[in-house]
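One structure is given here, and the rest of the page talks about it.
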Amino acid sequence: MANEDVKVGRQAEEDKGALGDSRPGTIKFLTGLGAAAHALRMADIDVASSYPIRPYTGVMMMLSMMAARGELDLEFVHGEGEHGQLGIAHGASSAGARAMTGSSGVGVVYAMEVYSPISGGRCPVQMVIADRTLDPPGDFGSEHTDALSTRDQGWMLGWAHTPQEVFDNTLMYYRIGEDPRVYLPQMNCQDGYFISHIPQRVVVPTQEEVNSFLPPLEFPDALDPLNPLGHGPQIFPGQGHVLEATRVNAMMGTFPVIDEVVNDFNKRFGTSYDPFVEQYKCSDAEYVIFISGGHAFTGKFAVDHMREKGMKIGLVRTRWVRPWPTDYLADILSKFKAIGVVETNNSFGAARQCGILTLEVATTLYQCDNKPVLTAFMAGLGGEVIRLDEFYYMGDVLKDAAAKGSTERTAYWIGFHNV
Amino acid sequence: MTTLLEEQVQAKVDLPLLANIHQAVELDEYYVMGHRTCAGCGPALSYRLACKAAGPNSIFLGPTGCMYVANTSYLCVPWAVPWMHTQITDAGAVVSGISAAYEARIRKGKYKGTFPNIYVFAGDGGSSDIGIQAASAMMYRDHDAIFICYDNECYSNTGIQTSAQTPYGAWTTFTPPGPKIPEAKKLFPKDFARGMIALHPAMQYAAAASISYPVDYMNKVRKAANIHGAALVHVHAICPKGWGLRANQVLLCGKLAVETGTFHLFEYENGEYTYQYQPKAFKPVTEYLKIQDRFAHLKPEHHQKIQEFINQGLKRCGIKIPVEAV
Amino acid sequence: MIEITVWCTGVIQDKEGRDVCLVLTEAAFNEGKFTQAFDNYVDLPDRINVQVRKYARISDTVIENVFEYENHKPNIIGVTEATIMKGINVCYGIQPGSVLVINTTKDPEELLKYVPAKQKKNLKAVATIDALGIAPEQLIDYSGSEGAEDASAIGGGLGAAMAGAIAAVSGLVKKESVLAAAANRTAAKRGYDEVKIKQL
Amino acid sequence: MKTRFKKYTVEIPEEMAIPFAGIVESPKPNGEQPMMLTGGWRIYRPVIDSEKCVMCKSCVLACPDATVLLVDGGNKIGFNLDYCKGCGLCTWVCPVNAIDRVPELDFEDGVPFQDALFLLPHVEALYAD
């Protein structure tokens, strides 16, 4: 999995953002899973809880290998299923440990009961998700519906689009989630196969640099006989809204923390992440592809090629789905004439029969004076590759929409409508 | 991978066994007065005795059940030791996580205290029914923790519904008797403790106890706590509301359960079972059934069927004590 | 709208307390009123001996606040076990002109000492009835408190006597309506006839 | 930070605040949980005849609520009547029948008097005149 390490200094050439930033460190060729595992090792996690399901499993393989080799002092606990996995992480985090777990596809939804207790208990667990299509039938391909179906459970939820970003997100997410202003669990998502299984160049910083960025977890109310507390007694129906409001405040309180942490990361590691939303060639764009996750990698090349043909297209990639960066996106998106949301998920019977992201984008734009034409591209479902020519098709639809001020469809199904 | 490091084992002090009731009474209370359990609640008594036996270096986990809902209504807890709610499904998993967290944090120098005794206090539903997967996994993984199943033979918090431990012939709100189903519950219950022992051959200690024999029960909790690894205590915790008893009949009912051979007091250590209650003869089960309203609808043939089930159980366990004629 | 709050002990009188409300609302419904009878949801699940509350609302017009968990401003208080009054201000929130009906063998005056002065001034009458003496068999039935239909008849015992007594004291519903609504007609009748009333 | 995000947060009045994640303080060992007084549940009060009592302490261990106490320097049995629910298990377990059950209403004192079972500030307002 990991190739020969190549020690390099600061890279002279400026790579495309899509290929990872130039920065000091050791270059490894890592899959998204490998990148996550190395970042978790450097985060000195205390407890990992595992259960196998393709495609996320590799991260657990690497962690168990690291534990066996003594590279990471880890309690590696094999769960009895994803539900148990999350329970283990819940317990470990409540007892003050830095805990991680992970899953894919049906595994993510099998654990559904436990997400809310973890976020409501304000346990900063991190979960590595490599997306997989939900059954039926069995399908290993990536689709974001698994992780997105947990979006209402109080977890932070974001996607990376390169193994490098997976690595960096792992560290950033822990620092954000463990911030005393936040204390929330995080879902660190990557597309199955596309990100999880294809090795790419990842710059790995030194342990000292990571240590200085990510201090050890100090959970204030950990289960400890020296400081007895009761976690999670029943409340009155009349108190429910108070607790819910504190959870909302915690989630909304992440914005300044994300801003701070990502900027600090950029400063320390020589990266240039936007805390919330990546804008690719958007400064003079009239219409944009809105996307989350791994397909942005191809999307950026497609935008380059369409730009070469004179199209005024750009790409907007949200790094977060929860919290949804409403105001940032409203500012960014409202200035365009047309927006096409690449869904990579499905919500059967949703408004306009689009996916989940279009609903969020539409709500975001509703408060804006300028309302761009909005359409959904149902693409990448079941793990289908989104190819360059399919992005070109989307570009054509958007160009047309920008000119006409409308689209024929509320949702275009890539694979049918572009034929 | 999950065994304790040598130095932690040395740091952990074993809880001494109690010689008599006077020693038990002397122990501090860690489950204090001020909780919304029934007057005469058997599970509450089992909780109190377990906390008393456990002492201060303890963490208790309360999966959803009567002992969660009744004890913590509302926004207050009666435990003087750390306590945490878990889902009814995953107490075994959460306790594993806590145990693993302490293993790692102590090993890495992130926690300065000694390894705590971590107890799950799960109802029969949270143990043998919906919670069995996590319970089994915790014992299989041999985490240093104690799983206490307080068995009140029904889901009592939700208004008395059948669980996998509800006995044959018992009324519950999901197994009411009627002309078509005169015996109410038709299924025989699981044998949770022995099942767990059979399923986890590496388990070092398991015991079955009753609140009607408090010192015996407290010693079993202490023995379980002293084991380095997973241990199980199954305690018969009579539910006056669910079983149709007067509040002051709870301890009598627990005694009769043992004296009729309905519930066995045993310990499992080093691969061997020992039985604590060895009478000249067991009483007929009718004595146990007739004081409980949940069996009021049963006819003699049902009593006979239950007696046969009990006799078979005694035989299966190798107990060669006769039963008095009905 | 008339709000009725009945205090009873958990499990032992849970069904009886609910029956008081159900019999009265059934009687009022048959007289053409709008009614609602419900348990205190926050008291759930009831525990042996815990104080629990059962509610009824009877109105000449449509009841709009059906979702309110509690009767905050009751007009009629029933107490199926007199000892409850020692620990709880059962009359908390009562409106002027309210009545208090208690199941006990004692005289009304004896129980008044458990009503604080602030609430006492709002009481029009206090009454006692030996409901347990009239119907010693108390039914235990958990179906009703969990939102199912009661598995046994409504107003089969103590609750019928209490309902009869409340009807007599308050004049809320007619005697024959209460008798018709209760499964145990005799108990309801005796409750109506044997109640000891002290006008304040 | 950009202050505009404040509009998505909820201002919770101080009197309605709930501890972080609903995590509450534990009571002290041998103490009590005063938020759940249960003495008012009691219909029959346990009364001990110290002459009969042989101090076997069975009753102390039999109480689910830990309300049977050693008093008088550990030489006598007493009860915490603020919390005793009156279940009668102490009476049942006593081998010498030293604990009687007397109707609670026969006594003037011994039960804490509360306005309501559970009263939250914003619910209390609904009861106000």
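First chain written, first letter: the chains are A, B, C and D, and each begins at residue 1.
By definition in this document, a residue touches a chain if its C-beta (ideal position, glycine included) is under 8 Å from a C-beta of that chain, and two chains touch if they have at least 3 such contacts.
Fair warning: this is a prediction, and the values are worked out from it, not measured in the lab.
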Q) Which two chains are joined by the greatest number of C-beta pairs in contact? A) A-B
Q) Using the average of all C-alpha atoms in each chain as its centre, how far is it in Å between chain C and chain D? A) 26
Q. Once you find the CA centre of chain A and the CA centre of chain D, what distance in Å lies between them?
A. 49
Q) So what's the Cα centroid distance for chain A and chain C, whole Å? A) 58
Q. Just curious, how far off is chain C from chain B if you go by their C-alpha centres, in Å?
A. 39
Q | Touching two or more other chains - residue numbers and ranges from chain B | A | 36-41, 56, 69, 73-77, 79-83, 247
Q.
Can you list every residue of chain C that touches 2 or more other chains, as numbers and ranges?
A. 42, 48-50
Q. Can you list the chain A residues in contact with two or more other chains?
A. 228-233, 235-236, 238-239
Q.
If every chain is a node and each touching pair gets an edge, what shape is that graph: line, ring, star, complete or other?
A. complete
Q | For the chain B and chain C complex, residues of the former touching the latter | A | 36-41, 66, 69-70, 74, 156-160, 173, 176, 240-241, 244, 247, 293
Q. So in the complex, which bits of chain B are touching chain D?
A. 21-22, 24-25, 28-42, 44-45, 48-49, 56, 73-83, 214-215, 246-252
**Q.** Sites on chain D touched by chain C in the complex
**A.** 37-43, 85-87, 103-105, 111-118, 123, 126-127
(Q) Going by the contact rule set out above, which residues of chain A touch chain B in the complex? (A) 44, 46-47, 49, 67, 73-81, 83-97, 99, 113-114, 117, 216, 223-236, 239
(Q) Under the stated contact criterion, what part of chain A meets chain D in this complex? (A) 120-122, 183, 220-221, 228-233, 235-236, 238-239, 242-243, 245-246, 248-249, 252-253, 255-256, 259-260, 326-327
